[in-house]
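Both of the next two complexes hold chain A, though its partner changes from chain B to chain C.
== the complex of A and B ==
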């Protein structure tokens, strides 16, 4: 019953999102939004197997590409409406997921992950050598410009992906609160004990691989229409594998909301980065955030909200603190001077720095530590920097340009902050450990 | 229910060149309390694993409740009424204590009866089991918040949640204090009085002697004694191989 309520709320939220996107009346919003939604579906799908059941899948791209290539195949043989293609793509990927599960689920841990990676490589090789779907040249899908009732075709695709995201999230949440969810969790925790408690582990793992694969395939099915020209390297792209792992990890893997948060956060950041800087910066941002989250919040944002103590404990170690402090300063250097939008990405890293300083400060009895990143953020992101007379004078005096002076100022302030966070103090010894 | 509930005939298991079990013959009558002892490495846990389906025995067969269970998976055996605890507690670390017990209720009791317990009945059953082992106030905690002793109690409660006909308790008392050992023994005896057949694997002789109606001794994968506890511990061979220095 509560699942039905959730579904209604999710549909309402989706309607609001769609209405809001239309209100902006800029097709780019739909292009960018489609990608974010697609990642919500992928991350949720990955999480059913990786988060709930504990089997790390590195081959997300393979399932995604299977859905996409099913569409390409059918586009050439017997064109069908996209909703039907989504179902077919899901079915194909689901069956492959089932088969892969049957062959590989006796493997555990790293070996399972390697097997999924191998699956992606094998499938990519097959597609590259299959001329009918374009081979290594790729295939063109000419999409109509308009569609009845909705208007621009991209809005139609956006709407479909929105619906898919609702389906994926409702499925994930439904699983979480069901017998199936308990079964998945026991597999993640201890398969031997699960069996001894009567859980049919192999069957449940097959359910998980099938469901996860099917949802990924469904996410991939409309992709050729979105991109217009599909080549193996884009369908099997590294970003799909990396993102579908990173997003749940950053959001939190134990509940449906984790992948949603992770996908919205990372997906949006990546879209902003792609437009303002370059698509190559994407992976750098993902990488940095992954390092941050693995250290600060191994259970993702959801885990951090539930249990902040863990973050405090890790910050007690000076090397961890210094690493995080320096790491999160780095983006500033390549984001400054890239325009206003790039600065908004920097805000995220400043926020993390603030959190790092806040926890470390609280831990060593120097709550004023947050002042340093706060000052840095103000100088770096807020437009006050260039108008401050001090900076202006300094720039004039040293005949450097304003951004360089600002960067230098921030660097100096942060170095002081870092030193203050590390310097021992007599009181430190008797400061409470937690 | 006249025949033995568990019948092990000629069960052997080898790991490479090491013979862990060598033609074990053992029959346990329904409602019996059997103690299984033996020095470390004598094959006690391997025998449990073969009985429960975690390991496959190379020869021989295991019959449970009148039917051969060879080739059945562990969860199928659990559903037929076999439950075990692990020597080292293996709780579901990310589930609360109450949810740890919910799993066997959902997957074994519900699957067996064919009619699902209502959510409220499930909650009540969890609470009752926790009360029984004295973990009622920890229901919402995670296993990592438990002590070793509590972990062992959880292990027992989880096995009991599956409503087994046969319970195999693999060293569930190691590390417990005397009074706690007495508690667990009393708990097991109470359970037995309700009709559950119990095999107790234990090193603590006081508990074994108090609990067992019959004692089986395993040494180097062979059964060397089987009989009334008093007779068995006086047996010269047992004394030499196990108790006597």
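== the complex of A and C ==
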């Protein structure tokens, strides 16, 4: 009964989103929104297998591309309406997921992860060599301009993806509260014990793989119509694999809301980064956030408050502290001096650095450690020009441009911060009072 | 399709030489995944890092890439030891290696690759050395030195590691750490320290593998991804944790790929590793020389 209520609320929310997007009356909103919605579906699909049962799928791109290429194949053979294509794409990916799972899930967990990694390479090889679907040259799909009742075609695609997101979220939430969900959780927590207590682990794992694969294929099926020209490197793009892992990890993997939060946050952040900077920087951001979150907040944003202690114990280790400190400095070198939007992304990493320094500072009894990232953030984010007192003089003296001087200054300050965070204390650091 | 004797014998030689190189690429994974049970999917990223270091030093100073890689061994060892310490504290100790540990390595792979793209771009890079170009001919058989030198270097690396693992106390402790940590502790060896050393060695081999890679082919940052499937396929085919198995598996895969490339075209070669991986997992998960 409550599932039905949830579904109603989700549909209402989707209707509000669609109405709001139409109210803006700018097609860009639909193009950007489609991508974010697509990531919601992919992240939720990944989480059904990865978050609920604990099996990592690195081949999201492969399942996504399978859906996209079944659309291309059918488009050339016998054109069908997109909702039908979505069902077919889902079925194809689901079957491949089932087959993969059957071959590898009987063994140790790592084998499945490795096989999914390799699956993407092989499917890409197949598609590149298959001329009917375009081969390495790619395939054109001419998208109609208008559709009856809705108007612009992109709005139709947006609406379809919105519906798919509702379906994916409702499925994920339904699983969580059903016997299936409890079965998945037992596998995640202790597969051996679950097997011993009579949980049919293999069958449950296969259900999860099939469902997750099918949803990814469904997300991929409308993609050729969205992009207009599909080539193997865009359908198998690494961003799908990394995003569908990073989004649940950042949001939180134990419930349906985690992937949703992660996809909205990361998806929006990437839209900003792609438009204003470059797609390579945008992938760097996702990768860095993934590493940050798996170490600092194992249960994502959802579990952040509860897991403070975990962050403390991890930060007690000098190598972990150094890695996080250096990694989160990296984006600065690509974002400083790139304009307003880049700075807003930079702020995210400065915030993480502040948190890292604060935690480490509290742990080793040097609370003043936060001063270093704070100073760096001020320097990096504040508008600096050649007339700024110290920086301007330095820039003139060294005949470098202002950005380079700022970066050099920040680097020096952060290096001092890193050394202060690592330097041994006269007496041993005590554990924080719990 | 011309099934002449020359073609077959040369495909076989090319495959064996390629296989020798694959052994160098895989031997590190054989230690980390096979012996320590650490699924380091970032391994190829470290290899590409090794390639770029060889490229930078080679173009600036003109030093031989293999010499560079040997000089870099200690640095890569320390890098590996550091990565293990992080992995242990953040994931292994908390019992979260399966989901978050894997994602951590995936993130590392990703960050390394994108950083290299941002710094060097996606242009192919290559090195200069006297053995890149000429080849030896023995009758109809063709031995390109560009492949022969990496193969010999790989076999030397294998021999050194095999001797280390079987003859020294630390080496034997590494073999033992996977089997019984408690027993190892009773022998007065700290399992975490042993694992750190082993992982450090595993990453150290990537310095050599990276230099060999850039000798064999021009390198750009995403080349590493092609090797993920290959290294794990070889590792599983040879049998987890068995170094001789790794070499045999690598040679086998090299020959298979070489024949596929010769008779069906090089664009099919990447699919061979996956086929081998799935068949091995399906029919003989223990591999050829598995424990």
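Going forward, the second predicted complex is superposed on the first by the 320 of 434 C-alpha atoms of A that agree within 3 Å, B and C clash if a C-alpha of one lies under 4 Å from a C-alpha of the other, contacts with A are read in each partner's own complex, and residues count from 1 in each chain.
Please note the rule applied: a residue touches a chain if its C-beta (ideal position, glycine included) is under 8 Å from a C-beta of that chain, and two chains touch if they have at least 3 such contacts.
It should be emphasised that the depicted structure is a prediction, and the values quoted were computed from it without experimental measurement.
**Q** Going by the contact rule set out at the top, does A:197 touch chain B (first), chain C (second), both, or neither?
**A** A:197: touches chain B, not chain C.
**Q** Tell me which partner A:122 touches in the superposition: chain B (first), chain C (second), both or neither.
**A** second
**Q** With the two complexes superposed on chain A, say which partner A:87 touches: chain B (first), chain C (second), both, or neither.
**A** Neither partner.
**Q** Classify the contacts of A:253 with the two partner chains as first (chain B alone), second (chain C alone), both, or neither.
**A** It touches chain C, and chain B stays clear.
**Q** Touching A:150, do we find chain B (first), chain C (second), both, or neither?
**A** Touch status of A:150: no partner.
**Q** So, A:110: does it touch chain B (first), chain C (second), both, or neither?
**A** A:110: touches chain C, not chain B.
**Q** Look at the residues of chain A and decide whether chain B or chain C touches more of them.
**A** C
**Q** Can you give me the overlap between the chain B contact set and the chain C contact set on chain A?
**A** Correct list for chain A: none, the interfaces share no residue.
**Q** Inside the complex, what are the residues of chain A that reach chain B?
**A** Interface residues on chain A, with respect to chain B: 179, 182-183, 185-186, 188-190, 192-202, 254.
**Q** Could you pull out which chain A residues touch chain C in their complex?
**A** These residues of chain A touch chain C: 50, 54, 56, 58, 103-104, 107, 109-111, 113-115, 117-119, 121-122, 124-126, 128-129, 238, 242, 245-246, 249, 253, 280-281, 283-284, 286-288, 290-291, 294-295, 298, 310, 314, 316-317, 319-320, 322-323, 327, 330, 334.
**Q** Spell out the part of chain C that touches chain A in their complex, as residue ranges.
**A** 33, 37, 39, 41, 82, 85-86, 89-91, 94, 96, 98-104, 106-108, 110-111, 114-115, 117-118, 222, 225-226, 228-229, 232-233, 236, 265, 267-268, 270-271, 273-275, 277-278, 281-282, 285
**Q** Give the list of chain B residues in touch with chain A in this complex.
**A** Its residues touching chain A are 52-54, 73-75, 78-79, 83-84, 86, 90-95, 99, 102-104, 106-108, 110-111, 158-159, 161-162.
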